[in-house]
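The structures considered in this document are given below.
Paired with chain B in one complex and with chain C in the other, chain A is shared by the two complexes that follow.
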Partner chain A sequence: MKDTVIVDEKQLIAKEKANNPSLLRTIWREITHDKMALGSLIILIIILLSAYLSPLYIDQEAQHRVNFLNVWKAPSAEHWLGTDDGGRDVFGQLMLGTRNSFTIGFMVTLIAGLLGLTYGLIAGFYGGKIDNIMMRILDFLMVLPSTMFIIVFVVIVPNYTVVTFVLIMSAFAWFGKARLIRSRALQERELDYINASRTLGTPSLKIMFFEMFPNLSSLVIVNMTLTLAGNIGVETGLTFLGFGLPSGTPSLGTLISFARTPDIVQNKWWVWLPAALLILVMMLCINYIGQAVKRASDARQRLA
Partner chain B sequence: MAKKQFLLLASLMLVLSVFLAACSGKDDKKTGEKEPAKGNDKGSEETKGEDAEDASAGLDFPLSVSNTAEPIEDGEMTVALVSDTPFEGTLNRVFYSGRPDAEIMTYFDEDLLELDGDYLITNNGAAEYTVSDDNKTITIKIKDGVKWHDGEPVKASDLLYAYELLGHPDYTGTRYTFTIENVEGMPAYHAGETKEISGIKVSEDEKEISITYTEATPSILSGVWSVPVPRHYVGDVMKGDLTIEELEASDKIRVSPIGFGPYKVAKIVPGESVLFERYDDYYKGKPALKSVVLKVVNPVAIIEAVKKGDVDLATIPADQYLKAKEIDNIELLAKVDLAYTYIGFKLGKWDKEKKENVTDPNAKLADKRVRQAMWYAMDNETIGKELYHGLRFPATTLIIPVFASFHDASIKTPSYDPEKAKALLDEAGFKDVDGDGFREDASGNEFVLNFASMSGGETAEPIAQFYIQNWADVGIKVQLTDGRLHEFNSFYDMVEADDPKIDIYQGAWGTGSDPDPEGLYGRTAAYNYTRYTSEKNDELLKAGTSEKAFDTEYRKDIYNQWQELMVEDVPVAPTVYRYALEAANKRVVNYSIEPGTENYRPWKWGVSE
Partner chain C sequence: MAIYIVKRFFMMIATILIIATLTFFLMHSIPGSPFDEERTSNPTIQANLEKYYKLDQPTHIQYLYYLKAIVTFDFGPSIKKPNESVNTQLARGFPISAELGIVSILVAVLSGITLGTFAALRHNGIIDYGAMTFAVIGISVPNFVLATLLIQQFAVNLQWLPPATWSSPKHMILPTLALATGPTAIIARLTRSSMLEVLTQDYMKMARAKGLSPFRIVFRHALRNALMPIVTIMGTMLAGILTGTFVIERIFAIPGMGKYFVESINNRDYPVIMGSTVFYSAFLVFMLFLVDIVYGFLDPRIKLHRKEGDA
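== the complex of A and B ==
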């Protein structure tokens, strides 16, 4: 008798799980049911694989070498996308650049996401005065002209590397996220399971990160996917202004920033156009995937 | 706390300027050079020479425009100030520092004594001079009818005022140089002991001024300071109306300066443009143009601006020469520039108290063999030929070939030879101990040099990378200071302040037209950014401007020795000499870039349509 009850429970749980598949599974189902998203995913994977595996077929040392006998060469069999002002192969730079730009965008999204999540959860969970104070601080931070501040930090930081760049960027990218998370957390804290957990004396941090957070995860994933696309662009913009990456670090922004003189825009398209197109394609891909993820998180919108 | 706030403020300001500059593009090397001390920068005996001609073989440019039509009445001209940074706007010869400011001043301000093609003073300008028999005293007589833009006559005491400012104990600028210090009584005045300079006498009628020097030097004929400062207009520091600091910041220098030149300042948009109007009472006659607009144009946009006819005159950055050649509504003029680019090695510090350079024997680059090796390692020929299409060519000594009688072409200077560089480094004990492909210093410590270079022009970044690569090829690890190129103003701020983040830097000098290098390499020269000093150097520089040096042969010999010393000690490694390229719209008439000719003077310039 006892045994059958247990079996029944297990079956029930299994049944429940099948009806309520995990978020990842839903996302996957959603993507496979949307041709645009699936296509985007495949293209993105191809781009990223070829970029991240580029050290296998590109000699980085040779790639950085300046060769003045070979400047501004148009695309040819030897240089698929021609060469730049220092005689360096543009295709190689494009690959290495994609790698750098994407890594940076990804890291920034991740770090900023973590910061925003923590801040928003704390503010939303406690509510009241703490929320009020934390939000006023956030208000203050949000009115700061962040681009200017990023540039200030880039200039005064003593040892400027990709890591410091990522940290500086992340320090200014989490404000909006904190807002978003906090508003959802405020709703969530009124729910019974939180109250129950509190009554049982569970530590606040545990409630926040192990009970409340999983219920917000879909929101977080959607938001991060969509900002990832934007963050690749942010790095590009700053590099264009001359405050992006340390010089000698190829990035998509460096390539695009060649398009500053009329002559290059008109006659030397091979330097900047591929990078610009690549960014466009990557952003579109990420966006389509992001849309699918967003739908997956909301049962009413699902296609699958 | 206060210090912290100041730092924050300072960094903010810096960043703001950098940001604006970066928004508008990149600096060009040509604007990226500092003007040296004015007192020293005018020519000397036989400055023009055949060498300059030889160097231009294959590249043949005119010095004057070919349009010979009559200039139209009341024409208007737009001149480009090619720079990617806003101009500073310190519009006074005593205080300014940037080349853009100097360019602005040529329109409204002048030397009293005009220079000829050899950069020697003449009697054709607003004043006449006579030199006493012992070569120690020069008397300058201002001609009648020379008036400031506000109608006041230019007085001898205005010129005296310039000397009073230059020698003033509170003067912080860089033009208190040998020619100024050499005036009798100047050191005492400079130390604050007296209120008067005993060597300068002004006549009763304020027309004549005589300046007596402690030592007779050939620099009198080329380096005498003859730019007056309008005492009645800007205010008198001597009477305590205002302090030097206030004067330097005053609107009468920055917003509404006056001079006695052919055009007067009508409007200044700070950092951006200057509108000049004809000054009808100009002492030589009525200037040809009704108005001149001088505006800052970014080097990257200059080709388009010239093509469209937006600007009539513009200097063309060498990296855009090929594009400029294709434009058919302009003429290209060029001459060998009084300038060179160089790599400087930081060897010490500037002592603010004593106002002199102090060389640090323990500097990273104290071993001259390492410096020589770095010179040998640089492939300047490729840069000049491939990147600048021959508009730049490898430099040899620190006296440019334009000074044909002093430039010593026979000295063997390092040229690209990596093997030789490696041998020198081995000899100096710089060997790769830990096997990472880079050498360690003589005591086995890691040896990394920080290289500061200016952003600017399309080629700044690849050139910096190219040198870094050249040095890496011989095993010297060099990295960019802060990992990036620096904008012109912040670059020179850092170099000037002996920022410890800089071990080597790439700079450029306008040498001025006096071959005397004292202002750039002397012990007391603030512009001696490498902070190199040596007794031999002091001795030679002194001999070069001594009384004996009136004898050209003697002076030549001294300067040859000096050039040799510089090649041996390498405080700086000159990289390239250059042509200065200028584009003039075909409607421009009476325009020439040949110094000393009539059409070289702004008041003659006109337009034909």
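== the complex of A and C ==
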């Protein structure tokens, strides 16, 4: 008698699981049902693979070698996208730039996500006075003109490196996430499972990160996908202005910043135009994928 | 409402004060003095210069002078351009930046709402599809990329429009387009989704049943209710446009505030950096304050003096 009940329970759980597929599964189903998102995913994977695997087929040493006999050469069989002001291969710079820009955008999204998650969970979990104080601080942070402060920090930090740049950018990128997560955490803390866990004496940190967080994870994933494109945009924009990556670390913004004189804009388009188009394509792909991910997290909007 | 406004006002003052203090101590944590590069000056001149800019005083005295400068709105002379005060630079740059910003916001709000409304009225039609494709592209493309592409097409290749500066309406077209496209896309998307929601409400059926003209239904009944979310994002959009002007001014060589700010940062011209940072922040905080109050007037359901309940 007892055995059959257990079997039934297992079957029930299995059935329940089949009806409620995991988030990753839902996202995958949503993407494969949306032609734009699927196409975007394929294009993005191709771009990223060719960028991250570029050390296999591009001579990295040659990327840093300046060759004045070879400057501003138009695209040819040898240099697919010509050469820049130092005679360096633009295609190589483009791949290197894509790699740097994407890695940095990704790192910033990750660190900012972590900061926002921690802040939002703490505020939402405790609620009351702690929440009130933390939210007033957040109100203040949110009105800061962040681009301006990022620029000021970039200029004044001693020993400026890529790592410091990532940290500075992340420090100004988590405010919106914190607010979003806090509002969901506030709802979550009223639910029975949190109360039950608290009554059992589970440590608060454990409840926050191991019990509450899994239920907010879809929110976090959607938000991070949608902000990834934005963060890449901010990085390339700052580098374009000259306040981004340290010189010697090319970004897509570095290549576009060549387009400062009419001569280069018109006659030496191969230096900056591919980078501009590549940013556009990457951002479009990420946004289309982001939309699919967003739909996957909200059952009412799903196409699949 | 009055209590709320007063409370918000004091919060605004406090915010500006904290930003000003942060900026001051940030600037003072930079190693070295602004006169380091000019090795030509002898110690007496150096000392006189430092005295002139009050850099010989202890930090807390300098801080008091600085607070006085903010309250009286007189940021003193610039270090790199000694015959010009920070105020002159702000007075010259701000109207141009403000013009660029206001024109862009107007363009973004008007075209965004129009586009979003038509997209919602022709839901799943060609207009809807076209408008939303434009919106995704508009949200995706960073403004500096768009600006560069616009210059290449319309200024260099076709030679229809001037590629730089800010002297006639013709000069304003490209920078405005570059700055307004992103916000237009965001507003269009938001208007569309909130219009779609409003259009399914019962009172819309009621209005139609009463036999009101479609024009009247859309403008008087639907749009008015659908625009609330747009007021909500006006604050963040203002901030976005404000920082967007930095990049756009740089690309189009427009002599606005952004140009002076970037120049002062590169020159380490502390009075100008501090002056423009505080001015920018104060302006932004003030605009957000206005948006908050407008929101309070527009939507009587929101009890602004009790902010805890909002999610």
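The criterion applied here is as follows: the second predicted complex is superposed on the first by the 304 of 304 C-alpha atoms of A that agree within 3 Å, B and C clash if a C-alpha of one lies under 4 Å from a C-alpha of the other, contacts with A are read in each partner's own complex, and residues count from 1 in each chain.
Please note the rule applied: a residue touches a chain if its C-beta (ideal position, glycine included) is under 8 Å from a C-beta of that chain, and two chains touch if they have at least 3 such contacts.
All values derive from a computational prediction rather than experimental measurement.
Of the two partner chains placed around the shared chain by superposition, chain C is the only one that A:G237 touches, whereas chain B remains out of contact.
In the superposition on chain A, contact of A:A229 is made with chain C only, not with chain B.
In the superposed model, A:N287 makes contact with chain C only, not with chain B.
Partner contacting the larger number of chain A residues, of chain B and chain C: C. In the overlay built on the shared chain, the residue A:S183 is in contact with chain C alone; chain B does not reach it.
Residue contacts after overlaying the shared chain place A:T261 against chain B, while chain C stays out of touching range.
Look at A:H64: by the touch rule set out above, it reaches chain B but stays clear of chain C. Judged by the touch definition given at the top, the superposed model places A:V152 against both chain B and chain C. 148, 151-152, 155-156, 158, 241-243, 262 are the residues of chain A that lie in the contact sets of both chain B and chain C, per the superposition on chain A. Residues 64-66, 68-69, 71, 85-87, 148, 151-152, 155-156, 158-161, 241-243, 246-248, 260-263 of chain A touch chain B in their complex.
By the touch rule above, chain C contacts chain A in their complex via residues 15, 18-19, 23, 26-27, 29-31, 136-137, 139-145, 148-149, 151-152, 155-157, 163, 239, 242-243, 246-247, 250, 261-262, 265-266, 268, 273, 277, 280-281, 284-285, 288, 308, 311. If you check the complex, the residues on chain A that touch chain C are 132, 140, 143-149, 151-153, 155-156, 158, 183, 186-187, 229, 233, 236-237, 240-243, 253, 256, 259, 262, 265-266, 269, 272-273, 276, 279-280, 283-284, 286-288, 291. The part of chain B that touches chain A in the complex is made up of residues 11-12, 14-15, 18-19, 22-23, 25-26, 300-301, 303-304, 320, 323, 382-383, 386-387, 455, 458-459, 461-462, 464-466, 469, 480, 482-485.
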